[in-house]
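Structures follow.
Paired with chain B in one complex and with chain C in the other, chain A is shared by the two complexes that follow.
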Partner chain A sequence: MPSERTVEQRLQRLEDIAAVRQLKHTYAKLMDAGLCHENKAWPDDRFLALFADDAIWESNVHGRHEGREALRALFAGWAARITFAKHHTIAPSIDIAPSGAEASGHWYTWETITADGQPIWLAATYNDDFVKRDRRWLIKHVRSNIQFRSPYHQGWAAEAPLPQMGA
Partner chain B sequence: MADLEERVQRLEAIEGIRRLKIRYAQLCDANYDPPGLTALFTEDAVWDGGDLGRYEGHDQIRGFWEGASKSFTFALHYMIGHTIDVDPPFTSGTGHWYIWEPATVNGRAVFLGATYDDVYQKVGGEWRFKQVNANLHFFTPYEDGWVKTPMMPMD
Partner chain C sequence: MSIEDRIRTLEEIEAVRRVLAAVGATCDAPYDGAAFAGHFTEDGVMDLMEMGVYTGRAAIQEFIDGMRARVPFTMHYWDGYAIDVDGAEATATWYGFETPNLNGTAHLGGLTHDATLKKIEGCWMVTRLGQQLHFMTPYDKGWVRQRVTDQTA
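Moving on, here comes the complex of A and B:
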């Protein structure tokens, strides 16, 4: 770490990394709580408030969805099919931009899901962007590269590799 | 209590080591990128996996990754649950990690479960691996599970 930066600035960076890490893990926690709830009213405003107004959510499987209302529709579609989900969101690698107002992060996720009544494994990586607005970190762009989505009883070796998006 | 400078240095060192280990995972998942992975090790580093073999120095370590890239056609290295210890002057450290690794080996789905005991060293301002001890707990065909077949042959 170059020491031209003040201790205050270096501490700020570490606090921002911790805040972005917590934001992503809150995304996982609220998504799982919402998808598993028996009286489902998800995505709710509390979950959508984690995103910037102009946020984008895209994956190599689900396409690209831009703006909060498009995200609401995307997640509502999942809620209709998914009755159980655990997003084990793992190994964050977070860069804070020199401005301190933007960040990017890479994560792994290992998911146990029940979709249409069937147990599946889902393995993916994330390359996400974040923005700090009014001193609060928000999700700006989720890029999810799904590696496999496999029925529990089958495993992943039988599946053709999914095409991956660039970062 | 240590002064503020030292406390910040400790957190920066822990974050730097965490990033090194995750970079290692990302390169393993990119078909074991042998040159990229080797560059994360000190010149005299040791990668010791017990029955998986012991590799010392850049040439041997690169050879190990080249072999892995042939038999593992797919792998995701989930690096989990780490403890990292560093002390002033924050030029070396030790760490313990868990790994959960779904992989495809010679066309077969497998689960690999292991832990790591690592030694890190700072070289030219960058954290590097000085020693990696990989302790394999199971390496099992997906269909069998770890009670029936805890360890399948590696090749």
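Moving on, here comes the complex of A and C:
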């Protein structure tokens, strides 16, 4: 942190880090609540409002989806198959750009899922970008790099390696 | 909000995070019911839903100390904290993953938690701790074959 930054700027940076961390936890919490709900109408507007209008959701397994309507279709497809999910978001590392209007963050995620009636282990990293618009942080680009997505009773050692992002 | 108030809010969020970490550690084996209950207000409530509601430090301590006989081992992996502080009151939600030995069988537990806290004489104290159990399954079964093992038997 350059020493010429004012106390106000340094404080704003810490507040922004806290806000981005909270945003990612809200993303996980609303996704899990939506996927687990018996009468699901998900993704709902509350969840989609976490994203910028031009947001991108991308992974090595699910492909690239750009724009709020594309995201809505992607998540609706999950909702049709997934009846239980818990996204543990772990070890956040968040950087705020010097402009104060953009941020990036890295997390590990450990997920327990029921998809098509089968229990699944999923391990991934998130490498996400965020943007601040109208004083509110929004998700700009999710990059989910899935390391394994394994049937519970098979485990991850028996699974063929997944393609990796950027490979 | 003044700079002093904004800094205080960030400091209090970290203070609440530390209290919750201590709460989690003291309900790991070998269990420290006195230390665990000491983080609650005198009239604090621990609502474990299907595992009962415990009101007051004495009842909370008795339940935690009783874990030694019922659950000889567990660890609480708590993550994903979302903490809001408003003056001397705070709310928090987080995720939990547990590895208990129940009835001689290794289990895996998936939970979410919530809490309300009050700052009293400079210390954050839990007024209510809630738990939602999503699965507690023998490791060789998984949450589809057996979602929950009865922990109250």
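Observations
By definition in this document, the second predicted complex is superposed on the first by the 165 of 167 C-alpha atoms of A that agree within 3 Å, B and C clash if a C-alpha of one lies under 4 Å from a C-alpha of the other, contacts with A are read in each partner's own complex, and residues count from 1 in each chain.
Everything that follows uses one rule, which is that contacts are C-beta pairs under 8 Å (C-beta built on N, C-alpha and C of every residue); 3 or more make two chains touch, one makes a residue touch a chain.
Keep in mind the model is a prediction, meaning the values are calculated, not measured.
When the shared chain is aligned, no partner comes close enough to touch A:Leu35: not chain B, not chain C. By the document's definition of touching, of the two partners only chain C reaches A:His25; chain B does not. In the superposed model, A:Ile90 lies in contact with both chain B and chain C.
In the superposition on chain A, A:Leu14 makes contact with both chain B and chain C.
When the shared chain is aligned, chain C comes close enough to touch A:Gly117, but chain B does not.
Judged by the touch definition given at the top, the superposed model places A:Gly155 against chain B, while chain C stays out of reach.
In the superposition on chain A, A:Leu50 contacts neither chain B nor chain C. In the superposition on chain A, A:Gln147 contacts chain B only, with no contact to chain C.
Within chain A, the residues touching chain B in one complex and chain C in the other are 7, 11, 14, 88, 90, 110.
Residues of chain B that touch chain A in their complex: 4-5, 8, 11-12, 15-16, 18-19, 22-23, 25-26, 29, 74, 76, 78-80, 100, 102, 104, 107-109, 142-143.
By the touch criterion given at the top, residues 3, 6-7, 10, 13, 77, 79-83, 93, 95, 97, 110, 112, 134-135, 142-145 of chain C touch chain A in their complex. Residues of chain A that touch chain C in their complex: 7-8, 11, 14-15, 18, 22, 25-26, 28-29, 36, 84, 86-90, 110, 112, 114, 117-119, 152-153. Taken in their complex, chain A has these residues touching chain B: 1, 7, 10-11, 14, 17, 88, 90-93, 106, 108, 110, 121, 123, 125, 147, 155-157, 161.
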